Amino acid sequence: MSDATATEAPMLGYARAINQALAEEMRRDERVWMMGQDVGRMGGVFGVTRGIYEEFGAGRVRDTSLNETFIVGAAVGAAMTGTIPVAELQFADFMMIAGDEVFHKMAKWRYMHGGKLSVPMVLRLPTGVLGGVGAEHSQSLEALGMHFPGLKVALPATPADAKGLLKTAIRDPNPVLFFEHKGMYRVKGPVPEDPEFLVPFGEAVVRRAGTSATVVATGLMVPRALEAAEALGAEGIELEVIDPRTLVPLDMETIVASVEKTGRALVVHEAVRTAGAGAEIAARIQEAAFFALDAPVWRLGALDTQIPQSPDLEQLVIPGTDEIAAAARELVAI
Amino acid sequence: MSDATATEAPMLGYARAINQALAEEMRRDERVWMMGQDVGRMGGVFGVTRGIYEEFGAGRVRDTSLNETFIVGAAVGAAMTGTIPVAELQFADFMMIAGDEVFHKMAKWRYMHGGKLSVPMVLRLPTGVLGGVGAEHSQSLEALGMHFPGLKVALPATPADAKGLLKTAIRDPNPVLFFEHKGMYRVKGPVPEDPEFLVPFGEAVVRRAGTSATVVATGLMVPRALEAAEALGAEGIELEVIDPRTLVPLDMETIVASVEKTGRALVVHEAVRTAGAGAEIAARIQEAAFFALDAPVWRLGALDTQIPQSPDLEQLVIPGTDEIAAAARELVAI
Amino acid sequence: MNELDLYRNVSRIRALELLLHRYIEEHGFGGFWHPGLGQEGIQAGAVAALREDDYLFYAHRGLGYALAKGMSPVTLLADLFGRTGGSVGGKGGGTVHFVDPELGVLGQGGTVGSNFVLGAGAGISAQMLGTDKVVAIFFGDGAAARGTFHEAALTASVWKLPLVWICENNGWAISVPIEAQSPTANIADRAAAYGVPGVIVDGQDALAVREATLEAVDRARAGEGPTLIEAKTTRIRGHYEGDKQSYREDLGEGLEVPRDPLAILRERAAIPAAEADRIDEEARAEAEAALAEVLAMPEPDPDVVTEGVWV
Amino acid sequence: MNELDLYRNVSRIRALELLLHRYIEEHGFGGFWHPGLGQEGIQAGAVAALREDDYLFYAHRGLGYALAKGMSPVTLLADLFGRTGGSVGGKGGGTVHFVDPELGVLGQGGTVGSNFVLGAGAGISAQMLGTDKVVAIFFGDGAAARGTFHEAALTASVWKLPLVWICENNGWAISVPIEAQSPTANIADRAAAYGVPGVIVDGQDALAVREATLEAVDRARAGEGPTLIEAKTTRIRGHYEGDKQSYREDLGEGLEVPRDPLAILRERAAIPAAEADRIDEEARAEAEAALAEVLAMPEPDPDVVTEGVWV
C-alpha cells in the first residue's frame, strides 16, 4: 500500500512525482511515448515533463500543435497498433474539444470491434482551479469518465499517489483518464523511489480514521477535508476521511464499511455538485447502507455556475475547508 | 397544463408534433431559423423537418456538411447577434464532437462575458436507441447537460410535450438541449393545435397516481414505466409515475411530495446508470425526504457497457418493462 | 495483384452488393446498409496497392474495402447480420464495424471522419516501431469537411506519416450535393494546403485507382509522407438502402451502373469475355453461399453485450 | 481613420503593453497576461478598416483589438484586473474576456480557435438580417491548426459569409515554432483550399495591414465572401508574462521591437517627430491614468459569481 511505503520515502513535489513516473515507465518499456502541446522542448506549460524530451528525444516525446482531436485520436490509433501513448491535453477541459475521441473512440473502440483490439493509453489531464484561468481551463470533469463505460479514471490527491497511480495507469491495458490537479503540482510529500512502486486501481485509502461521520473526498478536497477534520477534532467530532483515488474502478466496499460504522456520510468534490461523481457515490451509499444511515448522505461541490476568471472569486465557487467543517458539523448533529 | 389540454386534441405523431412546433415558431418569429445535416431538402434523415424548407426557403433552413463544431458554434454566434437558431445534430451523440461548442460556448458565453450577451438557441438532439445504429448513435447523454451550468435540458416523452416543450425552448432566452427520442418519432398522441400551446419548463407531470412507490422516469422509460405500473396494478401494487420532462430546471417539489406520500422511489432512465441523471435525482430525493423513506432509493439504467450495433442485443442493455416491474415489486416488498 | 485478381475482387464486391440489395428488398434489414454499388472499382483498386500487413481504416460504403483486404465474405456478412460468426462476435449489425488485426483491418468509427486522426496514430506507431507499414484511410467527400481531417493532415504532413488518404467522391453526403459542401471543384484541390500531393483519378477505372494508390503507397513507405487521392465516382443508390432520394434529380432508382468498373476493367485489361463471365459467376456463387451460411448461424449469446468493455 | 489616428492607436496599445510589463514585473499578476508587444500594428491597422458596428472576435494577444475598436483602456484594464469597472463585471482576469455589444466586440473563447465557428455564426445573422455588417476574426498561427477553422472556412466560403480572418503569424504557439506546425511556408497558402483570397502582409506596417483589411472588408460587405489575411510578425515576449522561453534561441528577454510599427508608421505617414512624440506622451499618460483609476476600483461583490449563468 502506497501510504505505508510512502512514509519512509524522500519528499517530492506532485509534479516531480508525475515526471518520475513518466521517465521510469519510458525507461522500462520503449513502447511508451508521449505527445501533447509543449510537452517536449518546453517541458510542459506547468513544467511537469521537464527533462523527458532531453532523455528520450523527439521520436518518443512529440510536441503537437493546437489539435486536440489529433492528440487523443492519434493516441488511440497508436495504442491499438502496438505502442503505449501517454497523451496530454494541456487542460482537462479540452476533453470536450476531443469529446468524440475521448468518450467514443478511446472508450468504445475495443468493444465495437469485438474485443479484438485494445487501447492501452493514458490521457493526462491537468484539472481543477489554478488561479485565474477561468471557466474553460479550471473545470473538474471526472464524472464524465464514469458515465462512459470503457474508460478508467484516476485522480491522485498526493505526490505518492500521483506517481503510483500514473505508473499503474501506463501498465493498464485499458484507456485511462488521469486527472492531475494543477493546483497541487507544487505540493510536496513522501514519494517512494522503487521503480516497481505501483498504486493499485480500485483501492480507496482511509486518510484519517474517525467514528462521527464518513467524508469521501477527491483531489484537492482531500487536504481540505483533512484540515476540516482536524478542526472538528477539537470539538470532539472525529471524521473518517476516505480518498477513493480512482472513480473507475470505484472501491465502494471501503466507503460502505466506513458508513456502516459512522452512520453518516458527506461526499465532497471540486466538480460541479449537480450530476457530479458525488451524486453517484451518494446514491450508491444509500443503496448499500440505507439501514445503517442515521442521516441523509450529503454532498458538497462547486455551485451551479462557471469558474470566474478572477483568481479571487474562483475560490468562492468550490468547497472550502470551513464549508466542509460546517457541513460535517451540521450533519453529525442530525 | 399540457395533459388536460391534450386530451381533447387531435392525434399526431411525436415527429409531426415537433415539425408543427418548428413551423409555428418560424411563422411567429422570423428571427427563428434552422440548421443541420439534411434538415432542408430531405426534411431530415428521420423526416422530422419535412416541408419546413419548402415553406421557409434556403435562407432560414440551412443544410450543412459534416461539421458539427460549425453547426453548434455558428448557432451560438448567430444567437448572440439577434437571431434564434434551432440547430440539429443528426444524433445526440454528436454533442461530443462539438463538445467545446455545446458545453463551453453555448453554456458559458453569457456568463464569461458578464451577462452582456445572451444565447437564445435550441439544439435538437435525436436521442436513444433506434434499432441497429450502435454505440455512437444510440446514447442518452442528457446527464451532461445537468453537469454544465448554463444550459437547460428538455426530454419530451409524449407528442404533446414534444410540441409544447420545443415551443417553450424556442421562446426561452437561454440555450436549450432538446433531447427528442428517435425511437418514439412514430408514437401517436393528442397534440393541441393552439399555436400558443406551451409546456412550461420545470413542471414535472404525474403520469399515473399511486401510493405504493414513486417511479421517476424520463423519455422512452415513461411508457415502459406506465406499462409496468399497469401490470403491477393487477397485483395490488399502485405505482405513482412521474415524468420530470425537463432536467434543467428540475421539479424536485413534485417528486419529493410523491415520495413523502409513498415512502419509496425508483428512478429509471435509458442512459447509462452510472453517473446518470438518476444518480442526481436519487441523491436529491434522499437529501430532501430521508426520514420519509422506508427503503433506499433505487435506480435502473443502461448497463455499464456500450450499445451493441445489433438491433436484437441493444434492448438487453437498457431497462425493459419487465425489469421495471420486477424492481418496483422488490422495492415495495422491502 | 494481377489484373485478373483485381477483376475478381471488383466482381466479388459487386456480387455482394446485388445480393444484399435483393435480400433487403425481400426481407428488410435490422440495421443500416449503405450500398457501395458502382464504387467497387475504387475499393478493390486502392486496396490492391496495399501490402497484406498494411493498415486499413475503411469507410461505411459497403463491404468492399475489407473483402479486398482479404476478409471472408462469410465473416463480413455475419457482422452485417449480427451473427456469431462475425469478426465482432455478433455485436455488429449494418455497415459499420468489422476487424481483422492480422490483415491490418483496424475498423471504423461510427462518427464519419474519425478515421483521420486514428489512422494518423497508426502511422505514428508504424514510424516509431519501424515496421514500414502504410496506413490507408478511406473517406467520402462529405467526411472531408470534418475538422479531424484538417488537424490530422497538417501534422501528418509535417511528421511525414506513412498515410494514404483515399476519398471516394460520389457527389453526395446523404442529401447534400458536393457543390453545397465544397468551395473548390475537387477535394484534391485541398492537398496543397497540407503540402502533400493531390491526385485525381477516375473511380470507375480500377487500374487507374491502383496505379495512383501504388505511387502514394511507395511515397509513404519511403518516408515522404501522405498523399491525398480523390477518386471520382457516383452514388448509384440511396445513402442507405431504403432512402427514397426525394432530394435527387440526377439519378433514378435503378441498379444500372453508368461507366461500370467491371466493363471498363474487362476492356482495359483485355480479359476474355468468357473468362470474365466465369469469374462473375463464381463471385455470385460465393456471395450466395456466404449469405446462406450466415443466415444459418446462431444469434449471439446475450452475454456478449457486456463483454469486451474493459480488458 | 486618418494616419494620425492610426498612429495614435498603435501608440496607445504600446503604452498599455509597456505599462503592464512594468507593473507585473513589480507587483506580479493574478491571472495570465499574454503580451502583444510588437503586434500593435496589426491590431490597430486591421481594426481601422472596420465600421463602428462591425463585429469583432479578438484573440488573446493583448488588449489592442478592443482598444482599437473603441473600448476604453479603463474598462479593459478593469477586466484584466478583475475589477467592478470592467465590461464583464469583475468576473474577468487575464487577457481573455471583454465585451461591448454596441461596438460589436463579441468576446473570445478561452479555447483558442473557437472564434472561427462563432464568428461564422455572426456572419450568418448579418446575412439573414441584412445588416451588411462584417465580422473580423483574429487568430494566431497556432490557432489556424484547429479543426474549427476548416469546418468554418469551407461553409463560410460556400455561403459567402461576410468574414475577414486575420492571422497574426508571430511564429510561435507557446513553445512550438511555426515550422513544426505548418507544412506550408505561409498560413495564407491554405486559402486556396477554401476558395478564398489569401493575402500576406507585413504585420509591422500598420498601413499595409489596414489596406489589406479594407479590401477584404469591402469584399465581405459586397457579399463576395471571406478573405484570409496573414500578417507576418514576431512574438517579442514570452507566451505569457513570466514565460522564460527556455525553448527559444531567436530572441532575448528584451523589450526592443525590431522593425517597430511605430517607427515604420512615423516614416510611411510622414508624421513630424514632435507630433508623434506628443502622441506617444499622451498615450503613456492615458495608460497610467487608466491603471491608477482601475487599481482604485473596488473588488467585485462576491455575489457576482452566481450571476449571469442563466437569463
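In order of appearance the chains are A, B, C and D, and numbering begins at 1 in each one.
Here, a residue touches a chain if its C-beta (ideal position, glycine included) is under 8 Å from a C-beta of that chain, and two chains touch if they have at least 3 such contacts.
Given the structure is predicted, the values throughout are model-derived calculations rather than measurements.
Identification of common neighbours of chain C and chain D yields A, B.
The greater number of contacting C-beta pairs, out of the two interfaces A-C and B-C, is seen for A-C. Computed centre separation for the pair chain B/chain D is 41 angstrom, with centres defined by C-alpha atoms. Work out the mean CA point of chain A and of chain D, and you get 36 Å between them.
Annotation for chain A: residues 64-65, 67, 69, 93-94, 97, 100, 104, 111-112, 134-136, 149-150, 303-306, 309 touch two or more other chains.
Contact of a single residue of chain C with at least two other chains is seen at positions 88, 91-92, 96-97, 109-111, 145-148, 151, 154-155, 180-181, 309. With chains as nodes and touching pairs as edges, the resulting graph is complete, every pair of chains being joined.
Those residues of chain A whose C-beta lies close enough to touch chain C in the complex are 33, 59-60, 62, 64-65, 67-70, 72-83, 85, 100-101, 104-105, 109-118, 149-150, 152, 173-174. Residues of chain A that touch chain B in their complex: 93-100, 102-104, 107-108, 111-112, 134-136, 141, 143-144, 146-150, 271-272, 274-280, 282-283, 286-287, 290, 293, 295-299, 303-306, 309.
Here chain D touches chain A in the complex through residues 30-32, 82, 88, 90-94, 96-97, 109-113, 142-143, 145-147, 173-176, 180-181, 246-247, 299-300, 302, 304-306, 309, going by the rule given at the top. Residue ranges of chain B in contact with chain C, taken from their complex: 37-38, 40-43, 45, 63-67, 69, 93-94, 97, 131-137, 303-306, 308-313, 316-317.
Residue ranges of chain D in contact with chain B, taken from their complex: 55, 86-89, 91-92, 96-101, 106-107, 109-111, 114, 116-126, 128-129, 147-148, 151-152, 154-155, 159, 307-311.
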